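First chain written, first letter: the chains are A, B and C, and each begins at residue 1.
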Amino acid sequence: MKNIFRNCIYQGKNRYRDKSFLFWTLIYPLIMAIFFYTAFNGLIDIELESIDIGIKSENPIGFILEEIELLNVHKISEDEINEKLENEEIQGFIDNDLNLLVSKSGINQTIIKEIIDQIKQMGELNVPIEKFDFTIDYVLDRNQKADAIIIIFYSLIAMVSTYGIFPGIETVSLIQANLTNVGKRINVTPLKKNDFLLAGVIVSLILNLLSNGILLIFIKYILKIDLFTEIRYSAIFIIIGNLFGVALGMLIGASNKQSGNVKTILGIMITLVLSFFSGMMSPDIKILVDKKIPLIGKINPISIITDNLYKINLLENTQNVNQGIIILSIYCITLIFISYGFLRRKTYDSI
Amino acid sequence: MIVRVKNLVKRYKELIALDHFNMEVEEGEILGLLGPNGCGKTTAINCILSLLSFDKGEIEIFEKKMTPNSYDIKKQIGVVPQEVSVFENLTVRENIDYFCGLYIEDKSLRKQYVEEAIEFVGLKDYIKFYPKKLSGGLKRRLNIACGIAHKPKLIFLDEPTVAVDAQSRNFILDGIKRLNQEGSTIIYTTHYLEEAEMLCKRIIIMDNGKNLVSGTNEELKAMITTTEKIVVGFSAIEDEKAQKIKSIPHVIDIEKKEDDYIIKFENGLNNLSNLLEFIKENKLAYTKLYSQLPTLNDVFLELTGKELRD
Amino acid sequence: MTVYKYFIKIALKNKGVILSYTIIFFILSIINGSTNAQRETSFMETKLDIGIVDNSGSELSKSLIEYLGKKNNIIDTISDEKYIKEQIFLEIVDAVIIIPKDFEEKVINKERAIELYNDDRKIESYQIQNQINKFISFTNATYEDGKFDLSSVGIALDEGIKVNLLKIDNNDVNQKANTWFKFYFNFTSYIIMAIYIAVIGFVMTDFINKEVENRRKISSIKFLKFNREIYLGQLTIASFITLVFILGSIVLKGKYIGEVDFSKYVINTIVFSFSALCLVFLINNITNNKFIISGISTVLSLGTSFISGVMVPQQLLGEKVLTIAKFFPTYYFVKINETNISSFLDVKYEIFMQLLFAMAFLLMGLYFSKVKQKA
C-alpha cells in the first residue's frame, strides 16, 4: 500500500511536469472550448431564419405575403428573377398567376408552396371568407429545448474525458522494459509491475479528472454555459469515460513499439475522429452519420457519452442510461484485458 | 559463488546472440566482461537479470534460480544500465530517492542513503536539476547513483563510461573501486580494455556470444605465445637482412608497419640483448627501439585474429 | 539531389498522419455524397418524418392523420414523453403530434387542440405547425349544425399551385452536385492545413535538428543548394497531398464535374495550398519542436476552420468571429467556394488576399530565419 502511494506521488510529479501532458489535457480542451464558444455563440440564440421570396410589385397577393412573418418579400423585376434564384438570394419566385418558380427542391420551397397552396385551397372550399379564422393557433407547443449547439460542448467534454489516454500510454511505456530505459530499470528492482501499473492508473485518473474539472468550471463560470442538471449520472459517464481513456491508452502503449510521440498522435487522432463522428465539429455531421450509418453512433464511445450527457441533462431522461454504461464498461474491460495480455509477460524476446 | 551462468543460449531469429555462454562470479571481486561492440555483453546481462528470455541455460544468483519474480534476489542487486534510465521530469534528488525507495522502505535510512549516493557521485550542486539540464557525464553519474544508492551486494554496470568526458570517467572508475572496497561484488562490462585491465580482478573475454577465455589479467596474458614485442625503427635495412632477424632466438614473427619493424618474441630470456647483439653484428643503425609487454588487445588479437577496438 | 531524396524519404515515414486524415476525410465525403446528386427534373415536396399518437380515434382525427400522411412519412411512436423527446433528439422523427381524447370539442371551441413535440429551431417545425393549423382552420370553416364537411376539406386541400423548376441549360450549375463540391472543398482546407503543418513540420524538425544541421554545415553542399532541394521537397509533398484531394473529388463525383464550376474549385484549392505552404514555412522558422508543431497543427487547422465557415456556414457566424477570420486565408478560400462566379474577376479580391497572405507568411518566415541566424 505504502509502495503504491509513493509511486503515485512520484508518477504524478513526473506527469504534471510534462509540458506536452499539460498542453493536451489542460490547455487544449480550454482552447477548443473557446473556439466553440466564439464560433457558435451567435448560433446559440438564433431564431428561425426567414425565407426570402421574390414577387413583382404588382402581385395581387403581395400584401398577404408581406403579412406572413416567416417570409421576407423582395419586389424584383422580370430580368432579375433567374439570377436571384440561381444565387439563392431568393428561394422562390411567385408570379402574378400564383405559380411558383424555384431553382431546386427543398424544405424552404415546400413551405412557400404550402403557403400559396392555402390561398388557392381557400377558394376551392366554397365557404365565405369570413368563416376562416387564421388568428387561432390550434397547436399546443410542447417543444423541448432541443439544442444542437450545446451538443458540441457535451461532445467536447466526452472527448476530454477520454484524454486519460495520454497518461495511460506513458504509464505503460514506463513499465515495459522493451519500450523505455526507465522500464528496464524498474523491471530489475523488487517493485511489482502490478503495483506500478495500479499507481499509474490511479494517477492518470486523478490528473485527468482534475483537468476535466477545470474545463467544466471554465465552461460554467467563464463561458457561462449551464450544461449539467443531473450531476450523479453525468459524473458516472465522465468517470467511465476517463476509465475508457486510460484503458485505451494502455492498449496503445503496450501493443506496439512506436515512439511516444507517434503514440500520442495516434491517441489524438483516435479521439478526434470519434469526437468528429459524435458531432463535435459540426452537429450536422452527427446527424448525417446517425442517418446513414446509425451503428457508428451506437458503438462510438464518445457518441455514447455525448448522447447520454445530452439526454440526462437536457431531456432529463435517465431511462436508458444503463445501456450506455454497460457498453462502455464492456469496452473498458475488454481493453484492459487485451492490454494486460501484452503487459503480463515478464521477460522479453528482444529489448 | 554469487553468480553462476551455465550454457546460456539466446537466439534472435537467425542470429545467435549468446552461444553457450558461461560465467561465474565470486563474492567480493570485480569481474570484467570484455568484448567488442555487439559481442553479446549486454544481452548476457539482460538475460541474467531476467529481462530477456533465453533459449537454453541456467542462471543462479545467490545460489538461487533467477526468475522475473525473484524479488528477494532483486532486492540485493543494483543495476546501472547502459543508457541513462531516469525519469525526465523528476529532479536528480527525486530520481535517486524514487529508485532507492523501491528497495529501502525505512524513511530515515533511505534519506541517509540518498544523501550518501549524491555525495558519492558528486552531484551535490545539482540535486534540483532535471536530467535534461545535465551534461552527458553528469547524466551518467546520476544513472549510477540511481543504481547503487541502496547499497546492493551485487552491482551490474553496463558500459557506464561510454561517451563520457575524461574527468567524469576517472571519477566513475574511482567510484567503482570504492564500491568494491565497501564490500560490493561488481560485474562490469566494457569494450575499453584499459578500463578492464585497470579495474578488474578477473576478466572474461567474449566474442560472438561465446566466452573466449577468462582469468586474471596476468593469466590471460600468459596464455598467448607472444610475450614480448620489440619495435625497432631502422635508419636503413635491406629486406634480406630483415628476414635474418628471424634467426634470433625466440623470435616468432616480424611485421613491418610503415618504417618500423615489430618483432614478436615467445617466452624466453634475454630477448632485448639478443636483438641488440644482432644489430651490432650487422652494423645496423636504429632511430628508435622499445619493448612492449602484451596487452589484452594482443590477447584478443591472437585469439580471434581481429582487433578489439574497431 | 541527395537532400531532396532524403527529404521525401523522411516525409513518407509520416504516412500514418497523412493516411489517417485522408481516410477520415474520404469516409465522411462518401457518407455525405451517398445521396443522389442527379440534376432535378421536377419539383419534389419535402416530406417530414412525423409520429402521431391518436387518443381521440374520431372521424376528425382520422382525416387529419390522412391529410398529414399524404404530406409526410408517418413513423411509429409511443405515447411516452421521454421516448418522444429521445426520438426527436436522435433525429428519428422531425415532430410528434398527440391528438387528445377531446379533440373535436377543443377544435370547436377553438382551443389548442393538438400537442406538438418538435425542435422549434428548425424550419421544419414551421411546416408541420402550418399544416395542422391549416387543416383545422379549414374544417372549422365548414362547421355547421354540429358537423364538419370533411370530404370538401379533403378535396380543397388536394388542390395546389403549379411549381416550376427554373429551366436550366447544361452550362448551368447543378445545385445538388455543387452543394457536395462546396462541402468537399471547404473541408479540404482543414485537412490540407492539418497535414501540411504536421507532416512538413515534422520533417523539417528532423532537418533542422542540430546534429543534421552541423553535418550539413561541414558537408560540401552549399547552403543555397541545400535550401533549394528542401523547398523542392516541400513543394513535392505539398503538391502530392493537394493532388490526392483534387483527384479524390474526381473519383467520388467525377461525372458531375461538368455540371459545377470545377476549375474554380481546383484553382482555389491550389492557391490555398500555396498560402498554407507559406504558413508552414513561417511556422518552421518559428519553432522546430515536434510537440509544439503537433499542437499548432491541430489547433490552427481546427480553429481557422471553425471561424472561417468550414464547419458552420459563414452566414451563421457572428460579425466579430468573421472579423477575426479575415486574418486567415481559409476565410477567403471558403468565400470563393460559396460564391457562384461567372468569371474569376468576381473573386479576384479573395484570390488576391490569399496570395497576399502567402507573401506575408513568407516575409515573416524570412524575418524569423534572419533573427535566428543572428542569435
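Criterion: a contact is a pair of C-beta atoms (placed from the backbone, for glycine too) under 8 Å apart; a residue touches a chain by one contact, two chains touch by 3 or more.
Predicted model only: the values in this text are computed from it and were never measured.
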Arrangement of touching chains [line / ring / star / complete / other]: line
Distance-to-centre winner among chains (Cα means, whole assembly as reference): A
Centre-of-Cα separation between chain C and chain B, whole angstrom: 66
Chain A and chain C, separation of their C-alpha mean positions in angstrom: 16
Distance between chain centroids, defined by C-alpha means - chain A, chain B (Å): 60
Multi-chain contact residues (two or more partners), chain B: none
Sequence positions of chain C contacting 2 or more other chains: none
Chain B partner contacts - residues on chain A that touch it in the complex: 2-3, 6, 10, 13-15, 17-18, 174, 177, 180-182, 184-192, 346-351
Chain A-facing residues of chain B, complex: 12, 46, 49-53, 67-69, 71-72, 74-75, 77, 79, 81, 83-90, 94, 98-99, 101-103, 105, 146-147
Complex contacts: residues of chain A adjacent to chain C: 19-20, 23-24, 28, 31-32, 35-36, 38-43, 46, 48-49, 51, 70, 82, 85-87, 98-111, 113-118, 120-122, 124-127, 131-134, 136-144, 146-148, 261-262, 264-266, 268-269, 272-273, 276, 281-282, 285, 287-293, 307, 310-311, 314-315, 317, 319-320
In the complex with chain A, residue positions of chain C that touch it: 16-17, 20-21, 24, 28, 31-32, 34, 40, 43-46, 81-83, 85-86, 88-91, 98, 106-107, 110-121, 123-127, 129-134, 136-138, 140-142, 152-153, 155-157, 159-166, 172-173, 175-176, 198, 290-291, 294-295, 298-299, 302-303, 305-307, 311-312, 316-321, 324, 340
